[in-house]
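One chain, subunit A, links the two complexes that follow: it is found with subunit B in the first and with subunit C in the second.
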Partner chain A sequence: MRKGWMVLAVLVCLLAGGCWDRQELDELALAFAAGLDYDMEQKQVKLITQVIRPGQMKSAESGGGSTGQGGQKASFILESQGKTVFEAVRKASFQISRRVNWTHNMVIIFGKGAVKAGVDKFLDFFVRDPEPRPHQHILVADGRMEEIFKFRPNLEKASAQTLEGMMKNAVMTSEIYPVTLQEFVNDLMSYSKAATAPVVAVIGEGKDQKLQLVGTAVFKREKCVGKIDPKETRGMLWVIGKVKSGIFSVPSKDYGEVGIEIIQASSKIQPKLDGKELTVRVDVKAICNIGEQQGGEDVSKPEKLFRFQKKLESEIKKEIEKAIKRSREMKADIFGIGEAFHRKYPKQWKSLEPEWEQHFPKVKFSLNVKAKLELIGESLRPLHAY
Partner chain B sequence: MKLEKGKIDGRQLMTLMAGFLFGSAVLIYPGQWAGNESWIAIWGGFVEGCILLLVYIALMSRFPGKNFVEIVKEVYGRFLGNLVALFFLAYLFHLGSLVGTNYHDFIKLTMLVQTPSSVILLFNSLVIVYAVRKGIEVIARCSEGMVVLLCVFYVIIFLMSCSQIEWTNFLPFFSAPLAKVLWATQMTGSFPYGEVVAFLMIFPAVNNLKEIQKRSLKALLLATLIFSIGSVQTIGVLGDTARLYVYPGFQSGRLINIANVFTRLEIVIGVNFLLMGFLKMSVLLYTTVLGIAQVFNLKSYKPLVLPVGFLMGLAALINFSTVSENIEFNNLVYPIYVLPFQLIIPLITLVVALVRKLPRNGGDSI
Partner chain C sequence: MIRYLAKLFNALAKRQRSPVKQSSVTKLDSGLTHNLKHIMDELGNGSDVVNRQFLIGRSAPVLAGVIFIDGLVDQEMINDNILQPLLRIELERPVDLDVLEKSFLAVGGLKRVETMETLVEGVLTGDTALLIDGQPSALLLSTKKWEQRGISEPDTEVIVKGARDGFTETLRTNTALLRRRIEHPALRFDTMKIGKKTRTEICVAYIQGVAEDKLVEEVKKRLRRIDTAGILSTESIDQFIDDAPFSPFATVGYTERPDVCAAKLMEGRVAIIVDGTPVVHTVPFLFWESFQSPDDYNFRLFYANTMRWIRYLAFFTSVLLPGVYVALSSYHQELIPTNLLISMAAATEGTPFPAVVEALGMGVVFEILREAGIRLPRPVGQAVSIVGALVIGEATVTAGLVGAPVVIVVALTAIASFLVPSQVESAAFLRVVFTCLAGVFGALGIINGLIFVYIHLASLRSFGVPFLAPVAPIVPADLKDVAVRVPIWMMWTRPKSIDSPDRIRQAMRIRPEVPEEGHDDDRS
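Presenting the complex of A and B:
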């Protein structure tokens, strides 16, 4: 009797695992990227899904970039429409023999129509449904979205993987600020802070096509209000302390072009409320190395190095000022200055918050940039000096 | 006549009570209502819980070796006592079914979307019925291992999400309106702290009655520490978006990503809840059937376990028609609904016992 129960228990564990929701790997179609667009006239959500063929993913060496065994492409796209994102998602499954699974989705890309209509209504599905993960990256497409999905990368199997890799490499230049679904939603929910997302475009024609991140889209609430270029993006990142690494080319008469590598950076935002006047003190600290020097006059001598540091500081300052100027034009608080005021002056914030759009362009910034040059590389003097 | 011959020691009482408190609270962490002030609500609830616990212990130590049903029978007499006892047992039964509702809501919302709730609850009830049939000793011994496991899991998850915590999310301090924080405190006090009222049925099974007070307070403190860790993690990682999710703690587990190797760890939080939900439902089913057996003077509570267990599962199914109804109930009704059971009945019983100078013959059962 006792043994019978044991056998029954083991059988239940083995046979009923997953219950109604069991998912066999060979019955799934994995989505890697979702493109969302909106047709204003027909009021239809247009969804492009990039689905991968798992069998083709593993044959890495077989040539032809995105093609795998038997010349089949490793990924293909599904286009579907619906009144809601969810409807479009289900219709995508309807076009193929398998159910599209969203647990491994890497990127969500918004088209022109979607950013105009407001992105929050399209993101609700990705927050509500248990399958999509909060780590997906949010991007905005510049130009035609299908091109991004049809783009065949050289190294990877699908353009989604390329985009994911680019997000990971963003720290190398700090000219792009990758945002995940979680961060994007967090910014959307904030009344004052403007959400941002990198803009991706396909550049070139035919065989020379390449994917490129061309800037950062700025959202006020759910609607896109403008775009800032990569340099301005770094200006923004200096302020919010998200610069990780990156290269600076500082031109100068004596030293020629000097290539500086940012090693470490941090920032501190201190808001101050003086009557009606809003000021923000931003302290930026950067530690840099000298990576290259093209001119003949040696920059690495101590007294010159200290003087050069000042120049570097003003370069960084210029970048930040550019970003501030753009954000004032757009009246979009991309730095989260409003949040800083909220934290420090919770009482006064209540009256500031509703008109933050008007207040923000009037906020005075006082920038204090401290740059420190640490390493000079393995050379004692520039090669050009000989 | 003793229905339960099993004995548990002080340590087991502590882990059992801590596990009971963790129950569904590890998932729907207490104090959510207060947003980024939830840690205040948690510690406020802890104080409230300690006061309630002292009332229960005062009541228990006036009648040593007697559980709540026996106490009310002695205090109010046979008829009225049985009535009060049934009223109280109905609450325990309902509470057990509420845990069951949370159980299947959670599984359905996050993992098994298409599986019918009845199947989830059937298997859940089977395990609980099995445990309760084996008696309090077995449940308590289960809790010893499970609670240690939960604490270890919790701390590991917290350490892993440390890198994601934005400390500025906690600022500004004290920004929520006082009424909101007070309501959140009462919510925390009633769920989970006040629910230890169920232990009035279990205290007599502890072999050393003197240990009860110290061990119970320790259990409350342990639970509070774990809840605090959980709320720090949730607010720190999610910030404002914590308001967006039904299960913010679960969502914060989703965000753990260490070198793309340690990902999808939210399932650990899910398992924590399943383990603790099992403990809580077992304790509630056990106390319910024990009480019913005493009210009706049965010789054993064992025949009752299976039917009452399945009724509890069924009640869990029909409690609410949707998840949002459940959330609304927890937020707006539950903190008031529990007052008679958690505060008024035990307190009045204590007062009546004091006034009637009970027990008359100086505690014969020591």
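Presenting the complex of A and C:
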């Protein structure tokens, strides 16, 4: 009998303790994008939240983009302010009937003010709170941030989805590196490596508006020190081995251009410390295919193929050199060279670390690019007649 | 007060246990009329009791009488094989039972009885009693025959490839079906009668030398313990001999198929056949047997194993799906893929109840419909399914009472549970438990519930064999029929978990092979 009472007692404890964090689906407001900005004068964090309306998201009516039944838009914007991000987040929920849920947030976008004020203090909330995912993407807004949030995409229902898709498609060109919250925060916390984030802008007016990734912002610690363009970004990605795919155009001898597709690429960074001299040997290997041939050169002939291969190698080298030049100008170690030194020379690194900013521009790079053209596609002879 | 009740209950139980003297034996009298009257009184002068008196012999006629129960006997046989020969006897001296026992009666089964009790019992099972004036004993002639259902395919265990016969309500037919499949003399049918009033014949079937003697003894011991007025179905036998009466999982298996039953006997199990029901029970019953279908052994290897895995999946679905749905939708939205979440959120927009209430409510609605579908006469049953599918399924969603996902989840769960027929009952119970746990604690509740269920399963035993064997405890030799069913020719030992004294089932190297070159030269 005692057993029965015990079971009852345990049951009461359990049932009384349950349910406390229950949240039905129709009590949630799903946030898809967060925009962070900072008002220097009032010292206020400004938060823009893109919240979706699930019913409108699902409506079949997609003409015009984002209005569903009853003319309601599939997403709307909440603007809130607070001394901290957390306060602004809570105030966002305060404006609507449901609680804003961050578990499916896709992108965090920094506005001009936030970039100026230093981005690190805005990110702690997103790392500390259990709701936001570590794999959402970090972006920097070029121009007015509200425009990005109010942008009406053609395919998707909310601009956050478009940005998320663009991040996935970044591998097509490798001219943008879609950095995740986790990676970004790791780079921010690193003493030597500079963090980077893609820059997004709304281009055009009215109906012709489109979202575009215009480059990459480079952060030294929390401060933005400059911007590099897409080609320079790929130069950087070659070195850190993050090039997944992409297209090169190499001029054909007689006429037109040859389009070359990167299939696979890898890199190896070997630092060398020789007295006071810092050198880095970078080996880049790229496997490419020929995707298009406008001219009349017969790429099925090995000697022609080798010529393009040589050309390709020098093109890649040029891209990398450009990126190195920019990084020296900014004194920002976007390649993570410092970390490579740290790994190889942990003892000497202790003396290098405090002045890495001074050391980095003096690091000598020796580039070693090996490109290999493998497949030439399904047509053997060039289309262009002599 | 609870202690007082317990005391009272114990006292009652003690009084129950004290033996009651009852087995009084009445010897048969030598006077025929007296005997007949006594028997008729014993049977309460029932309208189905037939009592016929006649004279045997021309020169020295003796009064004789037969008694039988109409409907339990073969009337034609009584007329042709008993009454006719007896009425034509032309002996000089008066006949007695010793003569009749040896000659005249063209009946297969014949037994001399001395006491009133055995006589009445025999008559009640369909025998015909033959009594002769002046003799204190009688003959019981086996004339059993009654209306019975033909052998048909069991509705509950339909298979695609394989035998189409099923057990019937008659014990003799059932034992015959097993004898037809196992023609070895070692097949034993040990019979006993249970139930003071119903006197149900119960048959313990096993193969001597294949089934462990200790197991057979244990089964008989448990059956003998049953001291009740009546056994009307095997199900009640099952509950009397169960290892864990309060478990949602049955530790006694059942089948309506003689081929399945024979296969289990061949593995060293024991079957319990009860007269009056087509359901035969087999022990020991292990958890994994629930997922084995006769079709598994009839179909090609890969298909059979795929179907077995589908069955495992279906069982987990039927137990966990509503719980997982509730946990995800009301606690762990981050685990749902974004697009699915949008769809779910859009579908549940504006529904008045939380997900737990929706899931439990729709579950109850389904059970009501299912029960109604079984009980109602077939033509009406159709109407019920239309009402169920259209009105309740469709209208509740359109009216915004429940979300469409819940209807999908409940429907899928309900259908999935029927893939594993022997676990339908446990799945239905556990489903409700897991849904409630998920509603209160989310995934935490489901995980803890699963741990409890696993512990419980691991603690169960069926007639001394761990319920989860051969997986826990692990018996490598027996894993040949759990996760995958290996080819039949590889199953060369009997299950070790059942501990048959005769371990070897078949020769080891009987894998089918292409004959070597030169063997098939008779082609030319």
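Simple rule for what comes next: the second predicted complex is superposed on the first by the 359 of 386 C-alpha atoms of A that agree within 3 Å, B and C clash if a C-alpha of one lies under 4 Å from a C-alpha of the other, contacts with A are read in each partner's own complex, and residues count from 1 in each chain.
Note that in this section a contact is a pair of C-beta atoms (placed from the backbone, for glycine too) under 8 Å apart; a residue touches a chain by one contact, two chains touch by 3 or more.
This structure is a prediction, so every number in the text was calculated from the model and none was measured.
Visitor: For the overlay on subunit A, clash or fit between subunit B and subunit C?
Guide: They fit side by side.
Visitor: Look at A:Glu41 in the shared chain and tell me whether it touches subunit B only, subunit C only, both, or neither; answer first, second, both or neither.
Guide: In the superposition, A:Glu41 touches no partner, neither subunit B nor subunit C.
Visitor: What is the contact status of A:Ile52 with respect to subunit B (first) and subunit C (second): first, second, both, or neither?
Guide: second
Visitor: In the overlay, answer first, second, both or neither for which of subunit B and subunit C A:Arg133 touches.
Guide: Both subunit B and subunit C are touched by A:Arg133.
Visitor: Looking at A:Asp208, would you say it contacts subunit B, subunit C, both, or neither? Reply first, second, both or neither.
Guide: After superposing on A, A:Asp208 lies clear of both subunit B and subunit C.
Visitor: Have a look at where A:Glu355 lands relative to subunit B and subunit C in the superposition and call it first, second, both or neither.
Guide: Neither subunit B nor subunit C is touched by A:Glu355.
Visitor: Between the centres of subunit B and subunit C, viewed from subunit A's Cα centre, what angle do you get? Round it to the nearest 10 degrees, please.
Guide: In the superposed model, the angle at subunit A is 50 degrees.
Visitor: What is the contact status of A:Asp21 with respect to subunit B (first) and subunit C (second): first, second, both, or neither?
Guide: A:Asp21 sits against subunit B and subunit C alike.
Visitor: Answer with first, second, both or neither: which of subunit B and subunit C does A:Val185 touch in the superposed model?
Guide: Once the two structures are laid over each other on A, A:Val185 reaches subunit B alone.
Visitor: Of the partners subunit B and subunit C, which touch A:Lys344 in the superposed model: first, second, both, neither?
Guide: first
Visitor: After overlaying the two complexes, what is the shortest C-alpha distance between subunit B and subunit C, in Å?
Guide: So the smallest C-alpha gap separating subunit B from subunit C comes to 5 Å.
Visitor: Starting from the residues of subunit A touching subunit B, keep only those that also touch subunit C in the other complex, and list them.
Guide: In subunit A, residues 18-19, 21, 133 are touched by subunit B and also by subunit C.
Visitor: Flag every residue of subunit A that touches subunit C in the complex, lowest number first.
Guide: That would be residues 1, 14-15, 18-19, 21-26, 28, 30, 52, 54-55, 57-58, 101, 103-104, 106, 131, 133 of subunit A.
Visitor: Please name which positions on subunit B make contact with subunit A in the complex.
Guide: 109-116, 119-120, 123, 168, 171-172, 175, 238-241, 243-245, 251, 254-255, 257, 263-264
Visitor: Can you name the residues of subunit A that touch subunit B in the complex?
Guide: Listed in rising order, the residues of subunit A that touch subunit B are 12, 18-21, 127, 130, 133-135, 182, 185-186, 189-190, 339, 342-344, 346.
Visitor: Could you please specify the touching residues of subunit C with respect to subunit A in the complex?
Guide: Going through subunit C, the ones touching subunit A are 2-3, 6, 329-331, 333-334, 338, 341-346, 348-351, 354-355, 439-442, 445.
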